[in-house]
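Both complexes below contain chain A, partnered by chain B and then by chain C.
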Partner chain A sequence: MSENTQNANPKTPAAASAPAAGRHAAGATGTRPVVVAGNRIPFSRAGGPYANASNQDMLTAAIDGLVARTGIAGERLGAVAAGAVIKHSRDFNLTRESVLGSALDPATPAYDVQMACATGMETVSSISNKIRLGQIEAGIAGGVDSSSDAPIAVSEGLRRALLKLQRAKTTMQKLQAFKAVRPADLAPAVPSSGEPRTGLSMGEHQALTTQHWGITREAQDELAAASHNNLAAAYERGFFDDLVTPFKGLTKDNNMRPGSTVEKLGTLNPVFGKKLAGEATMTAGNSTPLTDGASAVLITSEQWAAEHSLTPLAEVVDSEAAAVDFVTGNEGLLMAPAYAVPRLLARHGLTLQDLDLVEIHEAFASTVLSIMKAWESPEFCKERLGLDAPLGSIDRSKLNVNGSSLATGHPFAATGGRLVASTAKELAARAKKEGKPQTALISVCAAGGQGVAMLLRSV
Partner chain B sequence: MTDTYLDMVNSGLGKQVAGKLGLPRPVTLRRYRADDDFPQGAVLVLGRGRAADAAAAVLLEWDLDVRRSAADVDRVGAVLLDYTEVQSPSDLGGPALELSSALRKLRPGGRVITLSRPAPGIGTGAASGTVAGAEQLAPSQAAARQGVVGLLRSVAQEMRGGVTANGVLVADGVPADAPSVVGAIRFFLSGRSAYVDGQFLTVGDDRGDASVDWEHPVAGKVAVVTGAARGIGEQVTRTLAASGATVIPVDVPAAGDALTKLANELRVPALQLDVTDPQAGEKILDLVAGRYGRLDLVVHNAGITRDKMLANMDDAKWNSVIAVNIESQLRINETLLAWDRLGPAPRIVCLASTSGVAGNRGQTNYAASKAGVIGAVAATAPLIAAKGGTVNAVAPGFIESEMTAKIPAARRQISRRLNSLQQGGTPVDVAQAITFLLSDAAGGINGQTLRVCGQSMVGA
Partner chain C sequence: MSTVDPTVPSVSEGYERTRPSGTVKLPALYASAGARAATSVAGGAASSASRKVLPALRNSPVGRVLPASLRSSGPEKVSGALELPRVAHVVDGLSADAEWHENFCRVVHASPRPMAPGAAEAAVFSGALHSLAFPVAMSVLTRKDFPLPVLGMVHLSNTVHHVTDVAVGERVTATAWTENLRSHRSGTMLDAVVTLTREDGTVAWAGRSTYLAKGVHTAIAGEQPRPEQDVAPERAPFEAPLPTGQWSLGAGTGRDYAAVSGDYNPIHLSDPSARALGMKGAIAHGMYTASRALALTGVPAEVPFTWSVEFATPVRLPATVAVAVDDDGRGAHWSTSRVQVWDPKRGRPHADLRVSAL
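Moving on to the complex of A and B:
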């Protein structure tokens, strides 16, 4: 991969052994997409201050805050990509409608993306690729989700009856349309986080994985406490001053519990895996709560950034998606990042230990721990990844250094934008301090057995 | 915050009742309008000195109906009295009594402006008339000069109908037609000074540029306003932008949503920053240097109140007010003045308060911080003059804002009447005074504190 030899990073070996070099030639030759700034509204636990805010309200606020931070009101951007996982059917053009309500030039095109919890990552990837290809000069990637303002659908029986009613012409036909409705059909259908193919909730799926990898309760609570304390410390030192804009009176993530300890978290009762044979270890404290929030990231070419007197934070180097067969139980639902990351690293001739920062989305504390344990396992790495040696361990001091989803909460599609913006800022700060380029890995698992990994590098 | 009483006494029945009962009858002030910014009627220039002649010449250039005698004028818009050459108290009577004969002809929204010289060593309240290096005067001359102050302040209290009276103090050695003498006259005639009453502006040197476009007095300047998300700061940002500047609004991260709306409306970057951050100056300069390459104007507006009687004061309330209201200004100014990319005429305006002039019950911490601002401005003046710039303070009195809306209703009604204009000011009034002090027309005004208080009796 010529990119590594080009930037002569002494930590990065010239990747003569990197496989399938031709596949990503565009990455080396195209325009470098850089993260210029990010913004999000504080994340709120469901039913909180954003209970009456729609996805469109929140996404518009996130975009407007980003526009203000970068002083680009009235600019026409090449594209805005965003999405929501839980979405009203009326929000078919959610992102475009949000752009129209924002301070951007209304001539800015926009499109919706949906890839479960990896939606935000996919929008970053998509906007970056357009820039790399020279299709656009600047774009915004983001996402939003509301668990409070969730759409409630009618039952299948009632829905069919209503559609039939709409088509009915005579009174008799109209009456007949209703004849088929049963009392049970009147119950509304509320969205759930259950997997359509297994009927198991995400938590129950993860409970299986947690037991498979033998992740202890204490290890999970340790990670959760670190997440809260890292996030609180980051707020304390003003890290989020230019990453977060208040919304509806909320100025900080209200799920954050500064001073969290393993002892305090240890008092919570397990909520997932209670029907499994072994000890149930997953609690509300080491799982992410349902959350409302939105995020947005400005990604541009270096030239566009220079023309607008904006300072790039980090390059979006590359990304890789993976999916696993969780339906048959062959792999855990949230284990796809364990596959995406090694493929991405190999493509760039990097090892886990070459990374300066690692962000692994904390869907559950045990998700992060299971993935890391898999990379340490010679069996997993050989049998599942086809590697001669395990990927090894990650220095915990490089992991989720400013807190992650356990503390901030996880408004599904908004998490990618949060991760990319925070990581880009941290990378830029570290590169300045260390006086040498820094590389970060971001990994996000998603429903449907999917996962996306991404590499950022300081510029 | 609407002043219902003001609306009531200016309409039909309310007007009659207030008149019969002798209640205060505040009028809607003549505020700045680009197309119509001079008082209605003739401008009388009284006195025969060089300053009077120079002023008359300038007023003629502005196409005003200039008269040198009150005798055959019906409608008077403004009266200028030249006292710059007074030698003894007996010199005061002539112009004063001529003014007396013209007062009944003065139209609503009119102006009385004195031109005089400061009496060294004598403070004139917040607008200190003391100028460094001034010569010692004969007692009779000092008496005459200081006499003008008493005369002007009393005239201001006697005026009704939105008429204001203010003075220009021209330091010894500064020519009567110095750019900022002209600028100060222009300001006092203008609706931009609507709520400035009974005050003096001291012109200490002949720097400045009287030819600035009065509609866009800060055109092309790059400005930073702290505490810009709401209230006076928001208005200062808007007024400066409307007056031609590129303004970067700064406020604490917690006020980021309001700041976002303002920045996007004005199409400028918003800076979420706590001014008490030790790196605040550097962070402001980083943004401004990156985006615009230089910085011309700064308005230190960020301020808080934590009111308590001293008997109930605690560390947190005291220290937070001192940290935000004065220490942040000192620290940021130090960084600014050490910076090598300031514009050729850097100008700073700091927000003081009439509480900082006269003190205020329940505001020991606030008054200490705001009096501190007045002291800091005077001491910073020579430092910034060395870089071609100026620093001044504006001390608002009762301004209709979120802050004063929190005052209990009865006390609020009393507070807003206790001034010569019998009403509260608006954030626009403060913003206009700041805009003037940031313009090159005010280049010879340095280290001063200008009260925007309608000649408040509280904090006089």
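Moving on to the complex of A and C:
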């Protein structure tokens, strides 16, 4: 099967006759997609140094940093997939425009993906699948978001009037179109973080889930402190030296607070869930801030990597998306990973405890804690997942070992690329140290009640 | 709450059917009424509204053309036993215009369902059918022989039987009457009923609005006098459920709904116009709240259903209200829904809507 698809790729006629080397050994078919390198710009709190940087500026910077580090300038890649969650309609071809402005061959095709905060994960999945199918040999997956340079739209009333005006033929019709405009329509519409169907912000949704699972303030602050301290330690030992390229004077994520403690975080006032009956526990410290940033990951076949003298870090084994019905309150908005992960693990005959590294995106500290508590709950695992026994606990020493979104910040679409690149590098290092293959799980929740889980394995 | 009687309302024996002369248009009715406080005024603030506005109206040139029910003031005009006119108004050829319907649905955040899966024609949203039928009900409530003051009546609840869908543009006949005059501890209640009949003679939709005329304590023809010490029934204190959503209602919410429903009652339009009628400020239309709540439920296409809504305290605009939607299932597994709307800061209920399959 892969013989045929390889033949269809004019760039590598040699691959067609290549032996099975580089193919997945354990049941999976096709070419193994491997993460070769990753790059991101430091993430910045909104309104900071990147306030005037556009999504295109940041994505181009992330791609160019990756191209420079891997020495693939002028290469024609099979595809570049990226996206932004908050995007102006004029940026319909954001990724392609970024590629055109990058050091890559302008003949490199590109496409935009949007799956809210799981955008980056979905681009990695998409590029990997193309490689596995033999459609492409190498591609870049990534994402970008700016909360500072957000698009501002005209109000619905003015928008409808302007469109009507555009369709109007006679002067009378034009006057009619304008007659409908009210003074209040002249106020612009700023993008909001509210769920369109419920009107609740993500934080308010998570506050409901937090109460449902009884996640304490202390547990959330503990996780937040660990995130900052793990990230700081990773910077300290140079872990990010080949994962981050400075941008606009920033060399590290400026949301990071080294030396964070539960005591310090405990002084912050709650910001979400204040209208609910129970105690409000979610603060600015245990929630991610609005952030600007971009990330990019180079994924290739092992053969392409060898041809370009690049060392594979980890194989993108598989991914699984899930979605939940949060609109009627049947499930929490950010709980989809609790469903995606067990399905993915089951497909590969794995348990939570088989994993060497676990990355659960810290949209809020309580998101991570609620998901883990659900997996420990026999009722949840039986009633919601249909499992005889709970999935069990995760060893905290394997969780978000190099810090996660609470510390780095969370430029929505850029988070997937950050997670995949960092995890692949950590896997490769651990496999070398332990002398045996290592497996990692990454899970990311997203607006709209969605989530994507992914398995990476050292090569 | 009791479940809705599955029987679709019909005109009682002995009612005379008449076709009101000319077209029934709300603006004309409002012009004569000056202001309409009949619908959507939860909480009873409108009685004081009527006390303020009616004398002013009566003394103005408008007073001379006011219908009898508005011309004289409230309780004191009533003499002898109260009786509703045994008349049903019939209006043919009503239809929902496509553009109007799209606007209505946009304002109440409804997604119209098709007449049948895959059909090109859209079915009129159940809340929009209420607006279509409403002027005919108003024409009965503003008849000269209608015994209660329309301005000041409080909309307590609304029950709808949605038996079959009506297509956008389809012509239907509206039949409206009043019935069930009964006393209440704080006044007199009655039902205004409207049915919409398709050309094949089947009743597609029937709506029953229950109104309270506060302070009217006159004997009702054929009803035993109520005991003197009539106390309010013990109400369970409101316990807010966990919200599933919230609505941010801007100051223009009443104006937006007025533009599509035709209900330009000043108590909904702005703070000054509402204050002029004795309110503390503008309040949302009850039927706006009901339509928006109904639009949140997962009633599957082609399934006949009933919905009923009880209004508690009014929604003062602008407001952020909490909402809890509870569907018992999706698609074929759906049979009932409940939507509660409340003020999360004060913990007071605004509206409680129940939907169930017929």
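Note that in this section the second predicted complex is superposed on the first by the 422 of 459 C-alpha atoms of A that agree within 3 Å, B and C clash if a C-alpha of one lies under 4 Å from a C-alpha of the other, contacts with A are read in each partner's own complex, and residues count from 1 in each chain.
Convention: a residue touches a chain if its C-beta (ideal position, glycine included) is under 8 Å from a C-beta of that chain, and two chains touch if they have at least 3 such contacts.
In this text the structure is predicted, and so the values were computed from the model without any measurement.
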When chain B and chain C are modelled together on chain A, clash or fit: fit
Touched partner set for A:199, first chain B, second chain C, both or neither: second
Touching partner for A:190 - first (chain B), second (chain C), both, neither: neither
Which superposed partner A:182 touches (first chain B, second chain C, both, neither): second
Touching partner for A:107 - first (chain B), second (chain C), both, neither: neither
First, second, both or neither for A:172, with chain B first and chain C second: neither
Which superposed partner A:389 touches (first chain B, second chain C, both, neither): neither
First (chain B), second (chain C), both or neither touched by A:152: neither
Nearest-approach distance, in Å, of chain C Cα atoms to those of chain B in the combined model: 44
Chain C to chain A touching residues, read off their complex: 240, 242-248, 250, 252, 296, 298, 322-327, 330, 344-345
Chain B-facing residues of chain A, complex: 61, 64-65, 67-71, 73-74, 103, 238, 240-242, 244-247, 251, 309-311
List of chain A residues in touch with chain C within their complex: 182, 184, 195, 197-200, 204, 208, 211-212, 275-277, 325-329
Residues of chain B touching chain A in the complex: 253-257, 259-261, 263-270, 272-274, 277, 290-292
